[in-house]
Structures are given as structure tokens and as C-alpha cells.
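Following are the structures in question.
Shared between the two complexes below is chain A, which pairs with chain B and chain C, respectively.
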Partner chain A sequence: MSLLDIKNFYLNFSLKEKEVPVLLDINLKIEKGEIHAIVGESGCGKSVTSLAITKLLPENLAIYKSGKILFNQKNILELDDKQIREIRGKEIAYIFQDPFTSLNPIKKIKDQIIESYLIHISQNKKEALEKAEYLLKKVGITELKERLESYPAQMSGGMLQRISIAMALMCEPSLLIADEPTSALDVTIQAQLVDLLLKIQAEQKMSILFISHDIGLVGSISQKISVMYAGEIIETGPTREILTKPLHPYTQSLITSIPSLHKDPNQKLTTIFGIVPSLGEYPSGCHFFTRCKEVFEKCNQKPRLFETNASHVKCFLYAEECK
Partner chain B sequence: MIEVQNLSVHFTTKSSKLFHKNLIRAVENVNLKIPENTIVGLVGESGCGKSTLGRAIVKLLPLASGEIFYKGQEITHFKDSEFLKYRKDLQIIFQDPYSSLNPRFTIYEILTEGLFTHFRLTSTEARKKVISALEQMNLKPDILERYPHEFSGGQRQRIAIARVLVLEPKFVVCDEITSALDVSNQAQVINLLKDYKDKSNLSLLFISHDLNLVSYLSDEIAVMYLGKIVEHAKREDIIKNPLHPYTKALYSNIFEINNFQKKREVLQGEIPGVIQKPSGCYFHTRCPIAKPICSQQAPPEKNLNGHKVACHFV
Partner chain C sequence: MIKLNPTTKRRLEKFKKNKRAYYSLLIIFTAYIISLFAPILANEKPLLVYYRGNYYFPIFKFYPEKTFGGKEETLPNYKRLLRSNEFSKESGNYMIFPLIPYGYNESNLESLEEDEFPPSKPSLKHLLGTDDRGRDVLTRILYGFRISMSFSLILVFIEVIIGTIIGGIQGYFSGVVDLSIQRIIEILSSIPFLFMILIMGSFFGRSFGVLLFTYAAFSWIGISYYIRGEFYKLRKAQFVEAAKAFGVSNKKIIFRHILPNALTPIVTFLPFMLIGSISVLSALDFLGYGIPAPNPSWGEMIGQGREHLSAWWLITFPSIALFLVIQLTSFIGEGLRDAFDSKDRITFR
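For the complex of A and B:
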């Protein structure tokens, strides 16, 4: 039984009296204790997917068309606000990219960090503060007393992101959704935080949905990767498979377009011609159809998810009938 | 081609004390040589003074001290009018292609503004030059009458690069030119820039926080920490044999696409602020091999067969 199981999920946005599809046929499974990464370029729907999981998208914008988001076998899309609030922050916690905007600037750290604990677990403030101090120590915050009394603006980005991690862990969630948690940070601080997250994840056996555009980073920490392009998950599979034997032409180009330390400088980077289709302008068939090098007649139809040995891929190159 | 000696740039900011100002030594006593037809990568964490140094070299910022030489000629104290004839040779490309292109200008106006300032050209000649620069950047000439908002980030950055290349510069500072772009667009911009550089005799100071990118692209790499260059050497020397503990830490901490199992030596502590820099060697607060001398004396810059490094224990 998977902890989170998203099945054939479709999401639309209502923009100026027009409905545009945003996410199409999303299928995503996260097992207990697994780190699952979503990668893709900006605007491909990574963050929207993560927010949709607890219905955090603005109500006047998001239309949850069809499909299921099963969390512990409960369909989140069928729950009412009150029931979702029971899960949000307690069972499923978030860490966002920019700690300067995700923390409240006019509240002391102490008051923000215990908020979810007071709501979900116990009204006992002393107990909550003890828990907060324990977690802050764990994430490497020193001079605890002063830090608890200070405001976000008095601290560095790395330190605030540590506090966000501690805050997310207050109610011991079974799923942590980390949306580009280290993208705003410098490399040395990024390495500190990634090691910290991995340590805590191993101790608490929680699952992490890790969203990032940095494939090098994701490759080092996750067990599974889903690659998104223009609102669809086009390939999903074990990390090693995806990075060493990518199947989808988009994944292949994406991986070889990354410059790396050990790449021969005389070897060119792969480029993908054209631009990512913007919202509401997705091609009718395969979404990568307009930019794909290996396009053939069949590609103006919609590919379903084809299964190979270890991965699932949405590309007709791997369809039985086309082989 | 370009040489800077003892270059320092200072800023002042308001302090919490009345009538008191904080002095920020953004760049301190930097010596840097950029040879002809070479890409020098400049890396370091945010706030270490990379961009400030880049801007100071092309004379966009006042210097606190130091000299800049261009082809042996000292250009530090030139007034704007005297410097004008060198301006077309020394150019800069900025990070954000959304704010660096004037939204009220057509692409033609953007690309020809510099041309008409520096060259005496008829409009047909200018048009020809502009079209050839656009072609170098894989853009079609029919975009000339359009405005910047009609283009994606990657296309805009290529327009911004074409605007600089049309002047046929000799030295260009590239200040995080691909950080706002996705990897597939980044790859395109980097490939085109590399092609152009191989065809013409161009030197680049390539500023970036992305070590993977800089290591792939550059001929030489300089590493900055809190306003000082702590190590500068040829690409292979830095990658295979980094000497400064900070460079070692940076390379150990990056995530690589084809090396997942690597052990990371994680540094302890935060990056110190630039107002109150540590004493002695600035890196001693986070350095794994720091000894008492490191907090007392700033290390001198050593030159080991062209591999420059500032550390007591090298």
C-alpha cells in the first residue's frame, strides 16, 4: 500500500472565464520511507502538483477535474476543508523554496514554530516549546533562546531554512513535501541542509516528495524520479534507470544539456530547439511533439503511460504496437 | 588583455548608530590577469563580491584603490569622455534579460543604440551588422521590429548577447548570464557563446555560482571568498588539484550528474557577514584545517608555477 497514490489526476485553471488544462493524467506513487523526486524545467507544473496534493491552490483558480489523490487510502479530493486541515501540516508538511517569504515576518520564531503543534497535537505551550527546542537543536541551530525570540529578518537564509525544516517536523508528518528547498541557498549551505534532511528522513522513516530543477542534486538523494514536461509526468522510474538509461527523448536531452565538471569541454551541450509550450497552448497530441527529434506520425495522438522493465514512459517509441 | 592590480571597491551603508556609516569592503586588493582569447570563470557564494569585481573592471563602479590595464594602457583614471573609445571593447552582459532590455525599444533599436554611439554607419550598414549578430545567436532577422516582451527568457538573453557582440568587443564580463534560464536554454546560450568565442579573439570573465557550468566552460578558474580571490589557476589544476580548503569544500559540495556516490565534506557554520569580516584569513571560521595563525595573519598570495593560492598551509 502506497502512502500517497495519485491516480489519473487532471487539474484545470480558470483564467478570465476560460478554462485551461494545467495538469494532465498525473500518476504518482510514493511508498513509505521513500524519497521521490519531481524534476522538470520552470513552468512544467512541479509546484502546482505539490500544492494540489493538499488542495492548497487558490479556490477561485483551481478546478480539480478528475482522478484521485489517495493519501493513506483516503481520497483527499473528496474531503471537506476541516478534514483536509487535519492532514495538512500534521500528516503532510511543506518546506518551500524561499524562507524569507514562507515565514511570517512579524511573528517571533517561537510563535510560528509551535503553531501547528498547538493546533494538531496539544494545547500545552510548554510541551510545544520543548519539542521545538529539541528539533531546532537537531537541525543545528545554536543559541536557542535568542533564536526563538528573534524575527525572521534577523537571520540568514540558511538558518531560516533550517527553522522551516524544524517547523515542518513538529507534528512528525509521514510525508514531507520539499519544493526546491535549497535552490535559494549557496552550495556549501545546500550541502549542509541536504545532509540534514537525509539524516532526519532516515531516523523518522518519513517519505519525502522532493521537487527540484537540479537533476544532479536529485540524483544523489532520491530513490525514484518523475520527469515532468508541460503538465504531464512523461517518465517515472528508479533514479539510476532514469539517469543512466533515460527513455523519453525529453529526459535524454535534459540530462545531456547539463554542463558538468567532468564533461569534455570540447563536447557540446545538447539543446532542445523551440520553447516550452505555455499554459493553454499545449499541443493536442504528445506535449513534446513540437520539439522532439524523434517525432513520427503517431505523435500527434496522445500517448498513454507505457511500461518498460523498470520505468513508465509516455512516448510512442516504447509502445508495443509501434515496435 | 586585461589586468587589474590591487583593486578594491568599498561601499557604505547606513548603520544603526546615528551619524555612523558601515564600510563594506566588497572587493579587496584583487590582482587578476585575463589573457587574450581566454575564458576566466569567477566562482564564489552569494555576496562574495563576484559581480562587484566584474562591474568594477569595466568601469561601472568607482574604485577605492587599484589600477586597471587594458592592453597595457592604464584606463583607471580616464574620464567618461576619454573612456568612450574603449567602451565598445569592454562590455558586460547582465543576469536578468527581463530588466536589461528597454521595453520601449524595438529589437532593432536595442541592437543599434550602441552601434550608432561608437561607429559612424549608415542604416543599411548597421542593419547588416545587426542581422549577422542575430544569426550568430541563432535568431532570425524578422524579429527586428518586435519588442522584448514578445520573447522568452532564453531568447531575450540571446538578444542581450547579440547587442554586445554587434560591437565586436575584445573583453566581455558575463554576470550570471544563465542563472535565470532553464537548462535547455542555458545549453543553447553557452554553446552559441562558445562558438562565437572560438571564431573571434574574445576574452570573457564568466561570473557564476554554478561550479559545474564554470568548470565545463572556462580555461581558467578564480575562486572568491568574502571579497578576495583565494585561488586562481588553469581549469584542470583547479578541478584535479584544488589547493585552498575553500575550493576543496566547494568542489566536494556540488552535486554532479554522473557521480552520485561521492562523499561530501560538509563545511560547518555559516558564511560570515561582509561588514564584520573575520580576522586574519577570512575563511578560518569555517576551515577544517585552521590553526591559530589563521586567525591572526592574512595569508600571502603564493604563486606555484602559475597556480595562485592564498593559504598558510599550501
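For the complex of A and C:
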């Protein structure tokens, strides 16, 4: 039984008088205690997917077309506002990309960190503060009393992101969604924070959905990777499989474009020609159709998810009937 | 000790550094506090009466004429009482009058020289002269300041509350709600305000309350635009989205996360709103549609000055007072605006 199971999920955006498909046929399974990563270029729908999981997208924009988002066997898409609010922050918590903007500039850290605890667990402020101090110590914040009394603008990005992590852990969620939690920070701090997340994940046995555009970073921490391209998950599989034996042509070129110290310094990094199709202009067949090097006749039809040994891939190269 | 938000602290320091604005604020503030104690400073009733071994405090308590040996149950004329034989022939009786021993509505005809008729020139008795009914101009300026400042402060307070509620609803819920309220606002703002004041005045009678209500019903519109814009902006802010992701309810998001952030620009706007209402009240009084007649008001005094062109003091002193208040308040506004500006380029000399 998986913790989160997204089944054939379709999402549209309603833009001026027309509906545009944004997410198509998303299938994603996250087991208990697993770190699952979604990688992809900017604008491929990673963040939209993560927000859709607790219906955080603006109501006038998002149309939840079809499919299911099962969290602990409950379909989130069928819950009403109040029931969803009980899941948000308590069962599923978020860490956002930019800690500078995701904290309220005019509220003390103290008041912000205990907010979700007061809503979901108990009204006892003292208890909440004790918990907050415990977690802040755990994420490596020193001079606790002083930090709790200060405002976001008085702290550095790394420290704020540590606080955001502590904030997300206040209600001991079973799923933590980290939406590019390190991309706004320095590389040295990135490594520290990733280590911290891994340590906490191991202690609390929670699942993490880690969203990133950095396949190198993700490769070192996650058990499974889903590669997204233009609103679709084109390949899902165990991390090692994806990194060593990528199947989809897009994943292949993505991996060869990672700069590495072990590569021949005279060889140019590969780039993928063309640009990502923009919203509403997705090709009718395979979404990678226009940029793929191995394109053939069948590619102007929609591929479904084909199963191989360990991975699932959305490419006709691996279809039984084409072999 | 409350630990101030560092941004607020920096703004306060920047405001204090701007000497012109800081001292303007001090002056206006002290002047208003003083004017709140106007009944002790300027009154036709004495502060203290000593009569036949007893002490009386006529400003704070009503005593009928009978108390002091008269016949009537009505309010005694203390100045006449002081001059009367009965009061002065007994030794030991005395009265202490306030610094300015005139009421704002008292015709000081008795204290004038025999051959003089009001309005009378500034003299030692009446520092700023008297108006056409013999009322002391200084006293009326003092009481007039109290009325117009109180009126404006209450008005601004109501304006901000109504404007924030309506602008907030528009900005937060947006869409159809926003559009329909916006149309109502457009209808409301196209009603000529002066006619509305006249109509309301003739319906309910002219009074402080009716004037306040009518003016407040129109003037919140400007504030609602600001708040609406701020809510539109903050609704999409990351920390609001983050709060949503933590399961915070709409109500809490509005009051704890959006509203405190949205009020910042309003603060810079407050002094200018104050100026607006002070001048509108004076203008209405000048035209005779403001606060009804016997009440002291600067606009009404300037209006008198127009009728008695030879009495220069009637138009000069209220005009100077009005000018000073508006000028000082706009200095405060300027200082606040610069203190809230994140750029540090402006220098004050």
C-alpha cells in the first residue's frame, strides 16, 4: 500500500475562454519512507504537480479533469475545503524554494513556526514552543531564544530554510514535499541542507517528494526518480536505473548534459536542441516529438507508459509492437 | 520591552532624523492635547469659587444661581456675580478664572469700552480681537482647532476601517465580487458630494454626526483602492501560499498575514487624509453648510472676516491657524512618506 498514489491524473488550466491541458496522464507512487524525486526543466509542470497534490492551485485557474490522487487510500480530489485543510500542514507539509519570500516579513519566527501546530495539534502555546525549540535545535539553529524573537529579514537564507524545514516538521507529516528547497541558496549550504533532510527523513521515517531540476543532486539522495517533460512523466524508475541506463531519449540527453569531473574535458557537453513547447502548444503525439533525435513514424501518436524490467517509460522505442 | 520589527525601527529612526517632520508632529500633537483641555484654559466660568467658607468648581459641576445667593435655578453669570455687591461686600469671597476668561460663545459686550462696538481690535484684553458678536477670537480658534481636529481624526479612522474592509474583500476574493463592488463604488463616487451634504443636512438637520456620516460615506473610496491593490498583490505572495499549504484558514490568512502587510502604505497616506478632511470641513463651514452656527469653527470665522473686511484680525488669525495646521501636517506626511521609502537618497536640510 503506497502512501501517495496518483493515478491517471489530468489537469487543465482555464485561460481566457479556453482550457489548456497542463498535466497529462500523471502516474506517481510514493511508498512509506521513500524519497521520490521529480526532475525536469523549468515549466515542465513539476511544481504544478506538487501543488495539485493538496489542491493548492488557484481555484479559478485549475480544473482537476480526471484521475485520482489517493493519499492513505483517500481521494484528495473528492475532499471538501475543510477536510483538505486538515491534511495540509499536518499530513503533507511543504518546503518552498525561496525562504525569503515564503516567510511573513512582519511576523516573528516564533509566531510563524508554531502556527500549524496550533491549528492541527493543540492550542497549547507553551507546548508548541517547546516543540519548536526542539526541532530548531535539531536543524542546527543556535542561540534559540534570540532567533525565535527575530524577524525573517534579520537572518540568512540558509538559516531561514532550516527554519522552514523545522516549520514543516512541526506536525510530523507523513509526506514532505520539498519544491526545489535548495535552488535559492549557495552550493555549500545546499549540501548541508540536503544532508539535514536525509538525516531527519531517516529518523522520522517519513516520505519525501523532492522536486528539482538538478538530476545530479537528486541522484545522490532519492530511491526513485520520475522525469517530467512538458506536463508528462516520461520515465519513472529506481534512481540507479535512470542514471546508468536511461531509456527515454530525453532522459538520455539530460544525463549526458550533466557536467562532471570524470568526463573528458575536451568534449563539449551535449545540449538538447529546440525549446520546451509552451503551454497549450503541446504536440499532438509524443511531447518530445519535435526535439527527439530518434523520432520515427509512430511518434506522432500518443505513447502510453510501457513497462520494461525496472522502469516505466513513455516512448514507442520500448513498445512491444514496434520491436 | 516589546522588540520592534527592525524595519519599523529603521523607519522610526529615519522619521526622527527628519527634524522638520518630527517637530511638526510634536507641535501638532501638543497643540491637540492642549486643545483637549480647552475648557480649563479658556472658559467664562471660573476654575474656583470661594464663597462663604465653601469651595466650588463651576467648570466641573453645575451650581444654580441660588447657591451664591441668587434667586434662580439657572446657571449664574459668574462675571456679573463677581461684580455684584452681595458677593464682593463679604470679605474673603473670591474667584479664580482660567487663563483666558472667555467662553467660546460668550458675547463680551459688557467688558468692552463704552464707545466701542464689536468686532473690536486686538487689545490686551482680547489678544486676537473679538468677532462681530463680541466673542473672543483666540478662544474660538482654540475651540475650533479642537472640533476640526477631532472631526478629522474620527473621520480618518472611519474611512480607514470602511476602506480596508471593502478593499480587502475586493482584493482577496477578486473576480465577480471585485467587479460588482467596483461598479457600486463608481456609482457612489459619481454622486456630487456637496449636494449630498445639503440634502442630508436638510433631512436630518445639520450636526457634527450627520456631517461625519455623510462625509465618511464617500471618502473611504480612495483608501479602498489602495487596500484592494495591496490585497491583490499579497494574495499571490509566497508566504500567503505557504500559509495555505500549512492548512491555515482563509480568515486567519486575511487577518494575520495579509492585513498587517497591507496597512503599511496606508500609514504614509494618513496625514494627507487628515489635511483633506480639515480643509473640507473648513470649506463647508465657510459656505455655511458645515457644523451649525454657534459652534466655533475656523471656516465660519473666515466667513465672518469676509463680511467685515475692515476687521483684518477676523480673517487673518483663523487663516494663519488653518495654514499652519495644514502645513505642519503635510510636513509630517512628507516625513512619513520618506521614512517608508526604502531608498535613502533624500536628504533633509
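In the analysis below, the second predicted complex is superposed on the first by the 323 of 323 C-alpha atoms of A that agree within 3 Å, B and C clash if a C-alpha of one lies under 4 Å from a C-alpha of the other, contacts with A are read in each partner's own complex, and residues count from 1 in each chain.
Convention: a residue touches a chain if its C-beta (ideal position, glycine included) is under 8 Å from a C-beta of that chain, and two chains touch if they have at least 3 such contacts.
The shown structure was predicted, so the numbers you read here are calculated from the model rather than taken from an experiment.
**Student:** Once chain A from each complex is brought into register, does chain C clash with chain B or fit beside it?
**Tutor:** Taken together on chain A, chain C would fit alongside chain B, as the superposition shows.
**Student:** Looking at A:R88 after the superposition, I want to know if it touches chain B, chain C, both of them or none. Which is it: first, second, both, neither?
**Tutor:** second
**Student:** Which of the two partners, first being chain B and second being chain C, lies in contact with A:Q154: first, second, both, or neither?
**Tutor:** So A:Q154 only meets chain C here.
**Student:** After the superposition on A, what does A:S260 contact: first (chain B), second (chain C), both or neither?
**Tutor:** first
**Student:** Does chain B (first) or chain C (second) touch A:M1, or do both, or does neither?
**Tutor:** Neither: A:M1 stays clear of chain B and chain C.
**Student:** Quick check on the superposed pair: does A:I106 touch chain B, chain C, both, or neither? Answer first, second, both or neither.
**Tutor:** Touch status of A:I106: second partner only.
**Student:** Decide which partner touches more residues of chain A, taking chain B and chain C as the two options.
**Tutor:** B
**Student:** Based on the superposed arrangement, let me know which partner A:E115 touches: chain B (first), chain C (second), both, or neither?
**Tutor:** So A:E115 only meets chain C here.
**Student:** How wide is the angle at chain A between chain B and chain C, using CA centres, rounded to the nearest 10°?
**Tutor:** Given the fit on chain A C-alpha atoms, the answer is 80 degrees.
**Student:** For the overlay built on chain A, what is the smallest gap between any CA atom of chain B and any CA atom of chain C, in Å?
**Tutor:** After superposing on chain A, chain B and chain C come no closer than 7 Å at C-alpha.
**Student:** How about chain B: which of its residues touch chain A in the complex?
**Tutor:** Spelled out, the residues of chain B in touch with chain A are 45-46, 152, 154-155, 182-184, 186-188, 190-191, 194, 209-213, 215-217, 235, 239, 249-260, 262, 264, 266-267, 270-271, 286.
**Student:** Along chain A, where are the residues that touch chain C in the complex?
**Tutor:** For chain A paired with chain C, touching residues are 54, 56, 60, 85-90, 93-94, 96, 98, 101-108, 115-116, 119-120, 149, 151, 153-154, 167.
**Student:** Can you check the complex and tell me which residues of chain A touch chain B?
**Tutor:** Within the complex, chain A contacts chain B at residues 41-42, 156, 158-159, 186-192, 195, 213-217, 219-220, 239, 243, 253-255, 257-263, 265, 268-272, 275-276.
**Student:** Which stretch or stretches of chain C touch chain A in the complex?
**Tutor:** Residues in contact with chain A: 3, 5-7, 175, 237-239, 241-249, 252, 256-257, 260-261.
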